[in-house]
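The two complexes that follow have chain A in common; it is paired with chain B in the first and with chain C in the second.
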Partner chain A sequence: MIARENTRSGRSIAIVWLALVAGVVLWLVVRAFADAWRAPAMLPQAYGLYGWNVALRNSLQHAFVQSLLIATIAALVGGVLATSAMTVAVRAGRRARRLALVLLVVPALLPGTVVAIGMATFATRIGLQGSMSTVVAVHLPFVMAWQTIVLLGTWDRTLREREDVAATLGVGPVMRLVHVTIPGLRLQLVAALALGFLVSWGQYTTTLLVATGADTLPLRLVPMVQSQPAAAAVMTIAMLVPALLVTLVLRAPTRRPS
Partner chain B sequence: MTDSGIDITDLNVMVEGATLLNQVRLAVARGRRCAVVGPSGAGKTTLIRAIAGLVESTGTIRIDNRDVTAMAPQHRQLGVVTQRPMLLPHMRVIENVELPLRARRVARTARKRIALDLLDLVGVAPLADRSVHGLSGGEAQRVALARALATEPRALLLDEPLSAVDPEARAQLQQTIIDVQRQSGATLLVVTHDRDEALALGQTIAVMVQGCIVAHATPNELITTPGRADVARLVGRGSIIAADQPLAGRLAPECACPIWLPHHAVYTSEPASSTESVLRLEGQLGRSQLTQSGFTTSFLIGDLSIDVVTVHPICNEAAPGSIWIDTSLVSPIKDGD
Partner chain C sequence: MLAVAAVPAVLVAGAIFDAARTSVTPGISGSVTLEAWRTFAGDPATVRDAGFTVWIAVASALCAAAGGVVLFSALRRMPRRVAFAVLLIPIAVPYVTAAVLTMQWLGADGLLTRLVQHGVYDPVGSSFGIGIIITYAWKEAAFIAAILLVGLTRDLEDRETISRTLGLSRSQVYWHVTLPSIARPLIVATTLVAAFAIGALEIPALVGGISPQTLPQTAAAATAGDVLAGQSVAAANSLLTLVVSIALTLALAAPLLTRRMRWSS
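On to the complex of A and B.
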């Protein structure tokens, strides 16, 4: 009885949440096709492709591809680094493990702007500015922090025991990683990669501060919010597409085996 | 050089300031089976992990006269089976057994043949193509055993291998372990907290208490002359009775035939010499002589007859004067005596 009530409440909350998200997306779609929409009207006065034309005239494609590349590289590099760090941390002593984890997740715990300004100042001091690798580098602490949070607690006792038993069976570290650790962490790794991608994909402040002349979607989008709201809506939809694709494409391996 | 399968000298393990193993010394002859028995927290699993190289340790570990102390786990050539089988869930049964062979770069066809032979050896060949999901505890443990054998181990280390197996399958698996060990010729070290399991599997039994091996002998030696109260409690079939405690009702639990003694019977131990002990039961004095199996005394008290009681003074600092009574050697009260 209690389980049925809980299921019903959970379903209601999910429906309300989905309705909110769908409402926002729907508003964006309407805004993207609104050539004229003056307040306080509830609906646009004129529909058209003005926003799309402005967005495309501003080489939206270039910024899109750049953002895609940066987010993909940041997610992959962050995933490898976070996984490696966690592999070492889970087998370290309690104090060392705690210290390592705090260091890894601290960018996610501190105010984003503070970390971004710190990163930007540091990058400027060491002469890194403007390149794509710089943008990836400054995204990495945020990406890794969230990936670490996702991976935290996934090296449970069972996985560690499986790794240990594999070692006693003569299986070396690389083969262990491929045949034991990665399959054992598959779901969490997929989630970490997806989250890492999305964290990098949405970065604005860090990119703005370090990458003079860099071309990413958030950098293009923010200035247009006030001046070109229709084009900004188009770019927001463009930003949503990969995020949705990542979620859909990565959903397959997270399905439970039958 | 002795023909030791497993030879451990002064093995210490400390984790975050806690001593888990303390100067452990243990030698198991090549091709023999040794069961390490001890209470929970005694350090049994740590011992297995240290031998396997999974935990940092000091001291010396030799397997087949080869010093493996500094070797990485994957180079020690051991077969380890843990309490839970730890099969890889994304692989089929046969793929799990093939894994150590893949690590040794054995060719595919040979790999498959060996894996099937090993599965056949442990009695689960028909399950080769099954997913590991849905295997029973006993089946999974057999697969884990086959996988451990695929390393052609110099020593097999089993950590509570039967604890997750139902009682019916337990006896069969015990026999399988013994058969497999005999056939492979590997030295076997099995740790357990279960005395009966230790007695069934071990040709020798090592008793582990608080990170130390406190006794290592054949089962018969440990049962009849445990030497220490903790060893007696873990391995013996009898009762430890403090010298000044009433004996009534204390002998029966593990004796096949119940023994009854009057409630007011008082059992005292008055050591006379290293070879002689004096016992007082219900006012009757009995002089015990040290025999091959311990101190032997005969009593006849009223209509009760205790034909033979074998007792050993227990070396127990906590309870000096306590005696060990091997209830298996106490004869039942005879009607009509």
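On to the complex of A and C.
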């Protein structure tokens, strides 16, 4: 009885939620093609491509490609580092494992401003201010923290046993990683890479403070919001599409047994 | 390979060290001075902005936690794929986009104002940060619900059924069985939300008011004028943000740190 009532209320919430999302996406699309849309009218007074032209004039394509590149590199580098660290950490002693986890996860709890401001002055000193590598470096602690959270608990007993069997058969650590660990963690790794991409893709605070001149989508979008609503809608759609595509690869975890 | 785990910590520790150094060595001369700290501490807006930052973080985290518990309760008996499909959309939306979406819905010329025509409260630009809190609440409620769903075990349902069989009302079951079972992941997720809200700039910049501002907003503004002196003030500001963040994280996570929680799921 309770279960049925809860399922029904859950379904209602899901429908309302999806309707809200669909509504706001539709609103954004209309906004993107509205050349004139004065309140309180429900529909635009004039349609056109003004917003698209403004967005393209403000190098939307360049910012899009840059953001894509930075997020992909940060997700891949973070994924490799987090997986490597976790591979060793799960087999280390309890203290070493805890220390590794704390080192990896704590950056998620720290304010982005302090990391970005500190890294910006260091980057200026070594002449890398505003470079892509600096932007990736400032995203990395946050990307790795969330990737570690996804990877936590994925090394189950079966996987560890399989790794042990491979080691007993004389397979080296690198081949073991490639042929046993990575195939065994495929789904979680894809989820970690997707989440890492999302974390980097949406970074605004750290990118702004570490590289004022960087050309990423969030940095292009913010100044447009008040002055150019149609162009801002175009850029918002450009930010939403890859983010929503990436969620398709994130799979629901199965229910844990008691 | 375990040393790889230290990469983010080294980057973060180096950044904090450099922020501390910059706050006491403005300019290129390299001489040590507390000028930036004096400027920052002497500004009457600093205490107000710090208080506002804490208010935003705590209110956003608590609203998101309440929303997350409601979503979790509604979605927990649905098929996992459907529940996560619903939750992943707001989680995937970048923060800057979330702020734009709030403006599109609730702003002065947003959808709600156009639908209702008049008498609609505009939370965007509110001096109480209502727009900021609403944005964090709808976006992070989904994150908190997802964390609670991941931690959900089958025996919670069994315990709830047993409690009902023993004569407890639905609300009693909820307060004495369900909530204690999800308390630990709820506290962890709420702390993560508060910690993020303290140091983030995009949502306050877009849906916040002109005054008061959050500490990250004033840090970003400090570097807009005199770059060298501004950077030192911004560094001092960011270090205060770090201290506030650590204090708030410890306060929110106190139940986990001070006693062994009886209710772990």
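In this text, the second predicted complex is superposed on the first by the 210 of 258 C-alpha atoms of A that agree within 3 Å, B and C clash if a C-alpha of one lies under 4 Å from a C-alpha of the other, contacts with A are read in each partner's own complex, and residues count from 1 in each chain.
Here is the rule we go by: a contact is a pair of C-beta atoms (placed from the backbone, for glycine too) under 8 Å apart; a residue touches a chain by one contact, two chains touch by 3 or more.
No experiment lies behind these values; they were computed from the predicted model shown.
By the document's definition of touching, neither partner reaches A:Ala63: not chain B, not chain C. When chain B and chain C are set side by side, the one touching more residues of chain A is C. Judged by the touch definition given at the top, the superposed model places A:Met175 against chain B, while chain C stays out of reach.
By the touch criterion stated above, A:Arg162 is placed in contact with chain B alone, chain C being left untouched. By the document's definition of touching, neither partner reaches A:Leu185: not chain B, not chain C. In the superposed model, A:Arg31 lies in contact with chain C only, and not with chain B.
When the two structures are aligned on the shared chain, A:Leu104 is found in touch with chain C, with no touch to chain B.
Of the two partner chains placed by superposition, A:Ala230 touches none, neither chain B nor chain C.
When both complexes are aligned on chain A by C-alpha atoms, chain A residues 257 touch chain B in the first and chain C in the second. In the complex of the two chains, the chain A residues touching chain C come out as 2-3, 6-7, 9-14, 17-18, 21, 23-24, 27-28, 31, 37-42, 81, 84-85, 87-89, 92, 96, 99-101, 103-104, 106-122, 137-138, 140-141, 144-145, 198, 201-202, 204-205, 208-209, 212, 218, 221-222, 225, 232-233, 236, 239-240, 243-244, 246-247, 250-258. Chain B makes touch with chain A in their complex at residues 16, 49, 52-54, 72-80, 82, 84, 86, 88, 90-91, 99-100, 102-104, 133, 147-148, 150-151, 157. Those residues of chain C that touch chain A in the shared complex are 1-2, 4-9, 11-12, 14-22, 71, 73-78, 80-86, 88-89, 91-97, 99-101, 103-105, 108-109, 111, 113-115, 117, 150-156, 158, 160, 164, 170, 191-192, 195-196, 198-202, 205-206, 215-216, 219-220, 223, 231, 234-235, 237-239, 241-242, 245, 249.
Those residues of chain A that touch chain B in the complex are listed here as 93-94, 158, 161-162, 164-172, 175, 179-180, 183-184, 257.
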